[in-house]
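Quick one: the structure is below, questions incoming.
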Amino acid sequence: MRVITLTTDFGAADWFVGSMKGVILALNPRVQIVDITHGVPAGDLRAAAFALTASCRFFPKYSIHVAVVDPGVGGHRAALAIQTEDYFFVGPDNGVLSVALAREKIRAVFQITNEQLFLKPLSQTFHGRDMFAPVAAHLSKGLPIQNLGPSKKDFVKLDWPQPHRSANSVTGEIVYIDGFGNAITNISHEPLARPAESSGALFAKRRRLCSIKPSYQAVPRQKAVAVPGSSGFLEIAVNGGSAAAKLGLKIGDAVTFRPKAP
Amino acid sequence: MRVITLTTDFGAADWFVGSMKGVILALNPRVQIVDITHGVPAGDLRAAAFALTASCRFFPKYSIHVAVVDPGVGGHRAALAIQTEDYFFVGPDNGVLSVALAREKIRAVFQITNEQLFLKPLSQTFHGRDMFAPVAAHLSKGLPIQNLGPSKKDFVKLDWPQPHRSANSVTGEIVYIDGFGNAITNISHEPLARPAESSGALFAKRRRLCSIKPSYQAVPRQKAVAVPGSSGFLEIAVNGGSAAAKLGLKIGDAVTFRPKAP
Amino acid sequence: MRVITLTTDFGAADWFVGSMKGVILALNPRVQIVDITHGVPAGDLRAAAFALTASCRFFPKYSIHVAVVDPGVGGHRAALAIQTEDYFFVGPDNGVLSVALAREKIRAVFQITNEQLFLKPLSQTFHGRDMFAPVAAHLSKGLPIQNLGPSKKDFVKLDWPQPHRSANSVTGEIVYIDGFGNAITNISHEPLARPAESSGALFAKRRRLCSIKPSYQAVPRQKAVAVPGSSGFLEIAVNGGSAAAKLGLKIGDAVTFRPKAP
């Protein structure tokens, strides 16, 4: 059974996600539909992009990742279907797919224009249900991606902050705060794998936040620690608590990593 | 694989929805169970009825729609199973199914009384798990609906507000506010398809709220607009914001549509 | 199709649950994954244990129940896989499984140590994705449980409150408050099945709370009542309202049941 994942800002209160699943199952009843999250704040492209980036590679090959955070629905933004070496990505051309795509080997980019695949009438407010859901279902049944519309040269890239590396430090920022209050930075922890670097500390506004340790448990309860997070980035946590609340951290805050003096 | 949908007020915090799914899968492991929503406010029959109405027709033929908003569980309300031309509907006889059923071609109405199908002991507080889940599972396996109990002449209809049409206006009310803060009215937008009518405005308490436009994007960000919503009704929105918060709208507020003077 | 259930404190906002499902489906695409709940308060072992206990027996035989409330992840706690007569249970050895297991016939207890089954690199912050999800998927495909690691003599038991029975009363406490505000006690209602006992009353701090009745509907709206709850325990409710809010009840409050004088 093929997998279709859904990442949206539709929330849990309404029927929007259910309707998308109905449309998919009406076209392909033998598919596994997985919610990545529908709790993205309304219109928050960066949160959705990060959720997709952090999870998409854990799905089986040829999964179809649909992301619908679509404040421009009904306007002039294009609709995208992109094939990478391992997956398909479907969603509005507003950058929501771009952060995940930056790590994939892109094979083909198409604009979705084939109206025969859409629900009729096509609403101007819910392309998740009327366009992206049926397109994903058709892809899951093996429809060649070139049948969706014309190929496309490029797509919108979200302005994603990059960390800056100097001789003695790496400066990045907090890009996501998860439900536990962990503050996830954009500093990849792979380059920190050298022993010296793996024993440094994180600073915010010249204030020392915490040391880097292998796990939450390396510090006493309610103490702050930076760990190599499960998404591949340094993450500021409080053992048994919320780092965001306890340390007053928020998205966009600059953080600097300094390795321990040897 | 047959589809069973679930619409409840059980929320996400507890195990109630999971238990229903366990019961269904124990009887039919090869079924697709889809959550329409479990975020209906506790006991809110109208919200559940609207969620079901807005989504049920997007599911494959012969899907089994189960709605359990059941403040009268354990009392004297009957339990219903209704076959329409395209679907099955299962739930308490308290009106929660009635708004969706008003748009379907009803083929047969049965009262669920066949205790052989229920979990034992049948709790008096959770018929979703003990009665409606196993009944839906049996229907998904092909049990004839007449095996559920005696046929029934009628069922409880929810008191659903109808819009009033005069020579120069249509007056309805707000029946649902979605997670984005869009205020959905009970004014169907199909009769507005004539050009004159599609360029009118919406008023509340004689205050002009907004014009009707084809999409959110037809107005600048943070401006109000009425659009033909994806559920088939006129919907008051704020581009990139919450109409409910920004315009102070709530369920039950009267709204009047006036077409533009030609 | 085998069933894997998930009970976590991961919430709905992030991608954590979705990632676990991706890992499972990459190993076994033909499995039914059911969410019991992901709304457990962060780190609340007792809430998770109760949710699992109240729901696990409604799933088909040989379902694999995975519970990941894991504040000690990355530390010294062991990882458990336990086979009972009817099910498999997988999760951290911190007590989260123990309340459900107290009602099961345990066949075998194993410590999960077989690194060949884990994602690589194994994160020290998300064993739900990197260890428990792949282990559950392998079990669902028939991997013998002894392949997970060495057998284990014992496992951590959560300190679960037991009711005390005297000649004229049973004293227990509130162990869970559900989304409707129903206050679930640890007093099993099976021993109350005798008519005399089924017509008693519940007291808290010597204040009479309510009578015991068969259902919410046995009292007028907004009145308190104790009912035999669907989880097997006496439950304090307010018909059409929240008992927790209306009666000021919270987890840990002592409650005493006194049967009616004959």
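A, B and C are the chain letters, set down in written order, and residue numbers restart from 1 in every chain.
Everything below uses one rule, namely that contacts are C-beta pairs under 8 Å (C-beta built on N, C-alpha and C of every residue); 3 or more make two chains touch, one makes a residue touch a chain.
Keep in mind it's a predicted model, so treat the numbers as computed, not measured.
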item: Magnitude of the superposing rotation for chain A and chain C (Cα, nearest 5°); value: 120
item: Fraction-based call for chain C against chain B, same above half, different below; value: different
item: Computed distance of Cα centres, chain C from chain B, in Å; value: 31
item: Sites on chain A at which at least two other chains make contact; value: 12
item: Complex contacts: residues of chain C adjacent to chain B; value: 1-3, 5, 7, 12, 32, 34-40, 51-52, 54-56, 58-61, 63, 178-180, 214-218, 227-230, 235, 237, 240
item: Contact set on chain A toward chain B in their complex; value: 10-19, 21-23, 25-26, 29-30, 33, 42-43, 71-76, 123-126, 129-130
